[in-house]
Amino acid sequence: MAELSHLNQKGNVRMVDVGEKPVTSRRAKARAQIRVSAELFKKLRENSLAKGDFAATARIAGIQAAKRTAELIPLCHPLPLELISVAVSLEELSLDGPDRVIIETEVQARSTTGVEMEALTAAALAALTVYDMGKAVDRGMVIEEICLLEKEGGKSGFWKKG
Amino acid sequence: MAELSHLNQKGNVRMVDVGEKPVTSRRAKARAQIRVSAELFKKLRENSLAKGDFAATARIAGIQAAKRTAELIPLCHPLPLELISVAVSLEELSLDGPDRVIIETEVQARSTTGVEMEALTAAALAALTVYDMGKAVDRGMVIEEICLLEKEGGKSGFWKKG
Amino acid sequence: MAELSHLNQKGNVRMVDVGEKPVTSRRAKARAQIRVSAELFKKLRENSLAKGDFAATARIAGIQAAKRTAELIPLCHPLPLELISVAVSLEELSLDGPDRVIIETEVQARSTTGVEMEALTAAALAALTVYDMGKAVDRGMVIEEICLLEKEGGKSGFWKKG
Amino acid sequence: MAELSHLNQKGNVRMVDVGEKPVTSRRAKARAQIRVSAELFKKLRENSLAKGDFAATARIAGIQAAKRTAELIPLCHPLPLELISVAVSLEELSLDGPDRVIIETEVQARSTTGVEMEALTAAALAALTVYDMGKAVDRGMVIEEICLLEKEGGKSGFWKKG
Amino acid sequence: MAELSHLNQKGNVRMVDVGEKPVTSRRAKARAQIRVSAELFKKLRENSLAKGDFAATARIAGIQAAKRTAELIPLCHPLPLELISVAVSLEELSLDGPDRVIIETEVQARSTTGVEMEALTAAALAALTVYDMGKAVDRGMVIEEICLLEKEGGKSGFWKKG
Amino acid sequence: MAELSHLNQKGNVRMVDVGEKPVTSRRAKARAQIRVSAELFKKLRENSLAKGDFAATARIAGIQAAKRTAELIPLCHPLPLELISVAVSLEELSLDGPDRVIIETEVQARSTTGVEMEALTAAALAALTVYDMGKAVDRGMVIEEICLLEKEGGKSGFWKKG
C-alpha cells in the first residue's frame, strides 16, 4: 500500500496561468530614488567618478535587467518586451534636504500579463548600478524608494500611484 | 595619414583592477524594507497569497540573485561566494504607521574585493519578489529602503551604517 | 583554385525550422521519481532538512529551469510559456519497497512547437534540487525515472505514456 | 510599538556556510541511463537522427550545464571547475531487455565544497538533450536512472555507490 | 527649490520602440571567416584537434549564442527565433593564399524587428569557438571578416551585401 | 549479453583538465576592427547615433561578455577575472582607405589557464554592439579583424602577434 501525502496545499508556490488571457498592449512606469552625499552629488553632476559614466552604465544595466526579469523573479512569465526606457536625472535640494539620483523607467509589450515587474526590475538594477559606481565615494547611499508609478492594459486597466 | 581620436577620456566606463589586491575575508550585510497595505500584511502573516509562500520564494530569489551580481551590475567582479543568507520578517506598527516586510541579507567570500553589491542585490531581488507575490492584492507597495548595513574586510576595513 | 569541403553532411547539428508551423495551444506533463532512504524520507516528511524547505525550493528550481530550457538544451526553440506547474509529493511504501519523492510538472504555451522539453527540464531540475537538499543525509539517492506523461497540441496531437 | 514576527524558523531555505572549510581537491562521477526503443537505438547507432549528432550535442550540453549548476540549483555554491568530462555510449541488450544510452560524467575542482551536483547536473542535461534529439522517433524514452557513482575529497572523503 | 538636471540628452542610450511595428517574417544571413595556419588547417580537415570535433562544437555555440543575443547586445529586443542554422566549411587556397574556416549562419523569426544581430552573433561565437578549439595549435588565427550577407522582411525590405 | 559501443573516439569534445596546472598571473590583449561608411563615421565622431552613446554601450557590452565567456564558448573554464578593459577609438583614413572603429581589450586573472578567449570575446561583443548601434545608418559595416594581440603567463609564457 502506498500513502501519498501531497505537499501542494497552502503556501505552495505557483505561477499564474495566463493561457486564457488575451494579448493586449501593456505599459508600466516605475521610479527609484537614491539619496547621496553632497560630495558624491558633486561628482555625479560633473560625471567625474573613477569608474566612469554612471548614467550610461545605469541605463544599460536597467535595460538589460528588464529583459531578464523572468530569470530573476521566480514566478514572472517571459514577455516579448518592445520598449524599455531608463532615464537618469539628478535632483538637488537647495536647502537642507538630501540630494538625489532619480531613475525613471518605462516598459511596453503586447502580452497576456503586465510589465510592472519589468519596469521595477529595471529601476532597481539601474539604482544598484549607481550605488556600485559611487560606493567608493559614499558607501552610505540609500535607495530610498522603488515604486510603480503607473500601469496600463489588461483586465485591471489603468492604475496610477496615488 | 591616420587620425586616431581616442574616446577613452572623462566619463569612460572601467572596471577596477583588483589584480594587486590580496585575497581576504569579506562580509557585508544589507537590508530592504517594503511598505505594504493592511490587507496585504494580513495575507502575508497568514501566508495565504494566491501565488504561494512569499518568504521562501523571496529568500531563494535573493540567494540566486547574489550569485548573478556580476552579470547584473556591469562593473562588478565575479566572486566565489561562500555564504548567502536572506531573512524575511514582518513588522507591524500598532498605531498609525505602515506595516512592513523586512529583508536582511548577509554575504561572505574570500576575495580581492568586497561583497557589498552581492548583499544589496540579494536584498533588492528578494524585495522585488515580495512585490511580485503580493501585487495582485496591493499594487501600491513601496520598497522604501535598500541600504548597506555593514561591511568588513579589505583595506577600508569595518564600516557600519550611521 | 579553392577547394571547398563542406562539413555539413550526416550527423550535423540542426534546429528544426518551425517558421511554417501554425501557433497552437500546447501542453505537456512530465514526472520524476527519486528513491530515498528511510532516514531521509522521515526528514522530508517532517520538512526538517538542515538546508530548509525542500519542496518549495524544488518547485521554484523547476519553474525557473523550465523558463531556461532553450538555453540548456542546444536545439530547443525559445517559447513564451504561459503556465509552469511543479508539484512535489511523498510516496511511502509500507512493505519492502523504497520510499519516493515524486515530482509532477505541467507546462503550457501557445507556440509553433511543443513544450515537452520544458516539462521534462522542470522535472529534472526539481529532482536534482531535492538531491541537493537531502544529500547530506543520503548521498545514495537515485533519480529512478524522468519521463513524459502526456502531451497535447500540434500536428501529432495527443500522446499519453502507455 | 512594533511586533517583529520572524519567519526564519523550521523549513527555511539556507545555503551552507563554506567559509571555514579548507580548499581541497574534489572529484565526482555520475551516470544517467536512457531506455530507448529499438527503432531509435538503430538511428543512434547509425548517428542518423534528423537533428544531427546526438552524442556531440549531449556532451556539449552536459559540459555547459555543469558550469551553470549554481544558477540552476538554488543552494549550490559557484565553484571554479577544472575538469568536466561527459561520455556517451550505447548499450544493446541482445535478448529481451531494452536498449540504452548511457551518460557518464566526471567533474573536478579545488574547492571548499564537493562537485557532486555538477556531475549530476551534467548527466541530467546530457540525458535531456538525447531525449530532445530523439523524441521525434520515440517520445516514450525514459531516463531511468540518474545517480552519483563516486565522490572524493572533503571531510567525508571517498564515497562509492554500493 | 529643486533643480532637476536631466541627463537624457545627446548620446543617451535607448532601445528602439517596436510597439507600433507589425509582425512580419524576418530572415538574415551572416558570415565569418577565420584565417588559419597550414598546420591547423590540416588538423581541422582531419578533425583531429585535441579538444575534439570543432565543427559540431562551433555549430552548437553559434546556435546557442543566437538565442542569447538580447542578453549580449544591450539594445537588442528579445525575439522568438524559429530557425537558426550554422554551417561550417573549410576553404583551402591551392597557391599562396591562406587557408580559411568559413561560418555561414541563417536566422528566421516572425517579429517586429529584424534578426540581423542574431545571425551576426551566431557567426561571431561560432568563429570564437573555432579559435578556442584550435588555439593550442595556432594562436595567431585571425577572424578576418564578420559581416551580414543579406536580410529580408520589415519596412526596409530585402538587402544584400554589395 | 550487452554490447557496449563507445562513442568517445576521435573527434570527441573534451575540456582540457587544468587541475594539475599552477595558478599564475595571466594577461591577454585582443583587438577588433570595424570598417564603416563615411556617413556612419561622421555620426560616430559626433556621437549622434539615434540609439545613443555607442562607445559607452560597446565598452559595457564587452566587459559583460568577458565575464560570460565560459557560458558562450563550450570548452572554456570559468575564470575569476580581475581586470577587463575595453577601449574604443576611431581611425580616419585621410585618403582612399576606409574609416574604422577600433576596439582594444585587455583581461587579467590569476588562474590555471589563460584569458585569451575572454579578451577575444570582449572584443567581438563590443564590435557587434557597434554594429547594432550603427546598423540603421550603415548595414554594410564589416568587422574586418578580430585577433589576439598578446598574451602572458602560463607554461607557454609571452606571445605577441607577429
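Worth a mention:
Lettered A, B, C, D, E and F in written order, each chain numbered from 1.
We take it that a contact is a pair of C-beta atoms (placed from the backbone, for glycine too) under 8 Å apart; a residue touches a chain by one contact, two chains touch by 3 or more.
Predicted model only: the values in this text are computed from it and were never measured.
For the pair subunit B and subunit F, chains touching both partners: A, D. The interface with the greater count of contacting C-beta pairs, when C-D is set against D-E, is C-D. Chain centres computed from CA atoms place E at the largest separation from subunit B. The chain with its Cα centroid farthest from the Cα centroid of subunit C is F. In whole angstrom, the spacing between the mean C-alpha positions of subunit E and subunit F is 13. Centre-to-centre separation of subunit B and subunit E, using mean CA positions: 35 Å. Subunit B and subunit D have centres, each the mean of its CA atoms, that are 31 Å apart. Among the residues of subunit D, those in touch with two or more other chains are 11-15, 52-53, 56-57, 60, 64, 68, 74-75, 78, 80. Pairwise chain contacts present here: A-B, A-C, A-E, A-F, B-C, B-D, B-F, C-D, C-E, D-E, D-F, E-F [touch as defined]. For subunit F in complex with subunit D, the touching residues are 1-8, 11-15, 17-19, 70-71, 74-75, 77-80, 112.
Remark: subunit A residues 10-16, 47-48, 50-53, 56-57, 60-61, 64-65, 68, 72-76, 116-117, 120-121, 124-125, 127-129, 131-133, 135, 139-148, 151, 159, 161-162 touch subunit B in the complex. Within the complex, the subunit C residues that touch subunit B are 52-53, 56-57, 60, 64. If you check the complex, the residues on subunit F that touch subunit B are 25, 45, 55-56, 59-60, 63-64, 67-68, 78, 80-85, 87-95, 102, 108-110.
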